[in-house]
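Next come the structures, one after another.
Two complexes, one shared chain (chain A), two partners (chain B, chain C).
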Partner chain A sequence: MNILKTYKIYINGQFPRTESGRTYVVNDAEGNPIANVCQSSKKDIRNAVQAARKAFGSWSERSAFNRGQILYRIAEMLEGRKAQFLEELTQQGQSLETAKDEIQLCIDRIVYYAGWCDKYQQILSSVNPVNSSHFNFSMAEPTGVVGILAEQSTGLIGFVSQLMPVIAGGNSVVLIASEQLPLCAITFAEVLETSDLPAGVVNILTGSADEMLPTLAEHMDVNALFLSNVDAEMEKNTQLSAIDNLKRVIVKNDDWTKEDAQGISYISSFQEIKTTWHPIEQIGGATSSY
Partner chain B sequence: MKAQKSLFSEIPKSPTIDKVGVEERVSRFQTRSIKGATKMKGLSMVLSMIDLTTLEGKDTPNKVRQMCYKAQHLHNFQEGLPTVAAVCVYPSMVSVAREALKDSTIKIASVSTAFPSGQAPFEVKKIDTQFAIDAGADEIDMVISRGKFLAGEYNFVFDEIAAIKEICGTKRLKVILETGELATLDQVRRASDIAIHAGADFIKTSTGKIQPAATMQVTYTMLMAIRDHFDRTGVMIGMKPAGGISTSKLALHNLVMVKEILGEAWLTNEWFRFGASSLANDVLMQYMKQVTGKYQSADYFTID
Partner chain C sequence: MTESNNNWEYAPSLEGTSHIQLKEKYDLFIDGKWVKPSNNRYFDTINPSNEEKLAEIAWASDADVDLAVKAARKAYVEVWSKMKASERAKYIFRIARLMQEHARELAVIETLDGGKPIRESRDIDVPLACNHFFYYAGWADKLQDAFPNRMIQSLGVAGQIIPWNFPLLMAAWKIAPALAAGNTVVLKPAETTSLTALKLAEIIEQSGLPAGVVNIITGHGDTGAAIVNHPDIDKIAFTGSTAVGKLIQKSVIVTAKRVSLELGGKSANIILEDAPIDQAVEGIVNGIFFNQGHVCCAGSRLYVQESIAEEVVRKLKQRMQSLYVGNPLDKNTDVGAINSKEQLSTIEKYINIGINEGADMFQVECEIPSKGFYCRPTIFTNVAQSSVISQEEIFGPVLTIQTFRTIDEVIQKANNSPYGLAAGVWTDKGSRIFNLTSKLRAGVIWANTYNKFDPASPFGGYKESGFGREGGLHGLEAYLK
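Up next, the complex of A and B:
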């Protein structure tokens, strides 16, 4: 007998079932059932945001270099589990060739963002000339807890391309996986769990975006949202729900399988610029030397 | 002294506590689902029962003033919210709180008798209590001498409580058992009975300095002592769990327990209190969640 695996969700470094107890069946390209997947609820969103908020402080304060090491580790672990991702992607209707390409691109992209971890600060930050005796500088700080609605049309490359720049920048994440292609997202959670990523930095839920996105968008403890290829209606509704705490709502309509769908702009979208005015002492008539 | 001794001998023998049975019963209180209007009412009730507490060595007058301001302005979040029942501070801060609260209906509770350890001479404890009352305290939260209690000197513990009650006069006296140091539920029950007979108006679980603090098992045991006393004498005694109750959910479970063991009469801040510092914010956040339908963020509530 063929026993279907039940894919669980990922909250605070653990793999619980959804609080609601609901599941839905995911089919392969021919319509045969291949897995049971959790249909997460509002309360799972609540729990995930709580975990993300708790994890945010220490993740954002880690040294940038250490975040880079951990992202690189994620790429290594993904490399080691290629076969499982290949099987899940092909089961869900992809050709072997495109699936291989997708996984390879994912690994490359994670390494790419691993490299950015300790470099974007120099590019986004600045020392500003001001007309007073102040040392004035601006620096990038992570936005906070970021909700991500994963690209719905791909199983792996979409959400990986969205997730990596956000955590590279020191944010923590609640991610709603693709409803129809959720398997790789949960398997990816297993990769994250074995990659030295602290618990709660990334939380992954499966289920209906229509049901969960409004809760996430209204949540006062979520600081930004990252949507990919959503229709105008959904974008507008999300913007409206997000208004109460002035959440950033970032929508990117990229084809994530393109090699150039990456860059520092995806990191800077989830950074806040803080400017500091620091008085310069002038001792003994000396001129400013910071 | 003689009179007190004979009174002590009149305390009925404390029953032994079936720990397994208590755990079983308590776990049932925690499965109740309280939603909608009932939840709103419950949350509002919890707020009205809170003794907003700051008992740190680092307490400053401004910290106490700030807490007193908060105690009076919870309804700023939403019209119709009650204030908390009282603020709870060290004796040295009572005068500051008195000035900050002025003619507000919020009461001032002061800990005393060398809180939290209670390891001071009897005379010092009496002075400590008198000082708090003179400074304007409405209620006294005393600690029992756990060392004496554990050494079996129940008479000493009884006499101490009775003497402090005498100083309190009409001010209400809460007796802190510090159950985390009493080791067994049998001892908790014994201490509850002694406190009740020695003149406590309230019995209180903990100082908040020792873990575990107000577990539901301990609170249950103390509520049973109150009920037995009421059944025997018709006299009501108040209950105050303190320490470790930081979520609304746990607070609501406590209310369920009080209602089912003692009945509706105890569901007012005259007979039931929560000693807590972070509970108030969680209750406000849950309340606002019910009002707005949106999950709240600690960023929009006070830090303390």
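Up next, the complex of A and C:
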């Protein structure tokens, strides 16, 4: 007899059950139950935001090189656990062939963003030739705590494509997994947990988007939201809830299984530009050509 | 040193006004022509330094806004989007030159209409506005170089709404990048400060810019709302209060309009114990009393390290006593008139709140003119982090002062604000500057200086101070697909 695995949620580097005590059953393509999954609550969202805020400072201050190393480590760990993801994707209705492709694309995409960690800054920054004696430069800084509503139609590639550029850029994340295809998200949390990613940088909750998204969108300590392929009504309501603290709301309607659904713009959407002015001393008569 | 040498009086040195030409009545600048408002409504614009009427300004209705948007759309489709980029550049260069030629007139009108000291209009606002056009002109035919690997495209018609604190400069910040990127414009200045924008319209008329590329329409909040809600506008750019910014955001949510918002602030100015104190005091004064404190990035929250707090506050008070408050046209004046009666009562409301909250107030002892709107430079000490006056934007010459012991403490206090527009850091130690500048959550950081602006320097906020940047290469982004 098979043991039904209970998938728990991922907050602050730990795997608690939802504080609400609720679960829902995920079925395979034939309608047979394959797992119990947490039906997370608003309280879980708040706990996750708190963890993400706490983790943000030190994650954003990690060196870009170090973040790149950790992202690459995530790809390595995923590589090592391919079999489990393959099983979950096929259990949830995918053919072996497309599941294999999806996992491979995920690994490639994580490696792709691992490489971006210490490069996007040079592309987004500028040294500004101001008309006064100042050294003036602008550079990108992470927006802060980012709420992600995972692409609902895929089990793995969607949320991985959303998550990686956001953490590559030094943000911390609260992610609501696909309601119907949540298994890989929690297994992915196990990958993250073993990849040297600091606790709280990524928090993953399962359950109803309708129930949790409004709480995330209204939360005053969330700085940005990332939605993928949501209907017009949900987009509008989320945008409205986001106004109170002027969250940046990014909506992408990509087909994440396409190889080109990636790029620096997914990183720069969750960056703020900071300009710094510093005086240059002007004394003495010497010029640089003496 | 004696506490004050207030007995020294400068002889008045008034900037002349004979060279300026103001019409009695200003119509709307739509499609290259001066058009009467459809319902024939006008309102007065006054000089806030003496409450005298300067001119009558047209009050654009929804129908006028529609006319302006139609003109802008037509100009976009038929002329501006088809024009060779290098030709577009030349028009913008030409506007910059004409502004330079009119610099003195623009500066005086800016001071008359808005109340800011002539020294500031003449040396800061007007040159920066000219330079902004000059800077962006050169981008017009280099856009693809600015964004390699991306197919860039203009947006269409931009609706732009600007505030009253830097009227001409904000018009330049809005119009120049929009035109360079290939968009056409409907711009509305604030109702208390329409004149320099209308002068700019005359300059644009002179420049021969094709009709409808820039339309300048005047009016109150309802005119702005008509722009925001017009269905044929592709982009809204707004500078103003966070409250209005949120309303705008709400109205455009269900539309395809793009938005950039440059909103309020409550910026921290941080003085560390190793700072050059006399320079820092100048920086504090410039941070909060520049333009009567009507500056979104004003250094309105001062944090002084405990060990030097007494000295800094003493020197600050002494320095404040030498500030000249009065006629903005006088070249000696440091602090001019408050922009409007309404703003003066807002500031006075906050000063009373500060007193009632139990903070200690100090105001410059000086004569202020009996007519016009004036506020004495004001500082509050013994202010709690949670107090209203240290949390909310006052937009006037009012400074709150708090102390701190450690760098961690001040970073936490400085970042403890819904705003994130700017910050200042004063210290002699380079590594400490970069520790602080990288940890402060704000879009512009001044190290050992304050309130510096430049067309090449991107400006804009984090958090509730808005999104999008103005100035520099990053400023083009707001006007391109």
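As a convention for this text, the second predicted complex is superposed on the first by the 283 of 290 C-alpha atoms of A that agree within 3 Å, B and C clash if a C-alpha of one lies under 4 Å from a C-alpha of the other, contacts with A are read in each partner's own complex, and residues count from 1 in each chain.
One rule holds in what follows: a residue touches a chain if its C-beta (ideal position, glycine included) is under 8 Å from a C-beta of that chain, and two chains touch if they have at least 3 such contacts.
Predicted model, so just to flag it, every value in this text is computed and none were measured.
J.: Counting only touches as set out at the top, which of chain B and chain C does A:I273 meet: first, second, both, neither?
T.: second
J.: On chain A, which partner's contacts cover more residues, chain B's or chain C's?
T.: C
J.: Is A:S138 touching the first partner chain B, the second partner chain C, both, or neither of them?
T.: second
J.: Mind working out whether A:H219 is in touch with chain B, chain C, both or neither, as first, second, both or neither?
T.: First partner only.
J.: Look at A:L246 in the shared chain and tell me whether it touches chain B only, chain C only, both, or neither; answer first, second, both or neither.
T.: After superposing on A, A:L246 lies in contact with chain C but is clear of chain B.
J.: Would you tell me the residues on chain A in contact with chain B in one complex that are also in contact with chain C in the other?
T.: Residues common to the chain A contacts of chain C and of chain B are 244-245, listed in rising order.
J.: Flag every residue of chain C that touches chain A in the complex, lowest number first.
T.: Of all residues in chain C, those touching chain A are 131, 242, 245-246, 249-250, 253-254, 261, 263, 418, 433, 437-438, 441-449, 452, 454-460, 462-464, 466-467, 469, 472-474.
J.: Write out the stretch or stretches of chain A touching chain C in their complex.
T.: It is residues 61, 126, 128-132, 134, 136, 138, 141, 143-144, 223, 236, 239-240, 243-246, 248, 272-279 of chain A that touch chain C.
J.: Which of the residues in chain A end up touching chain B in this complex?
T.: 45-46, 49, 53, 215, 218-221, 244-245
J.: Give every residue of chain B touching chain A within the complex, in rising order.
T.: Counting only chain B, the residues touching chain A are 293-300.
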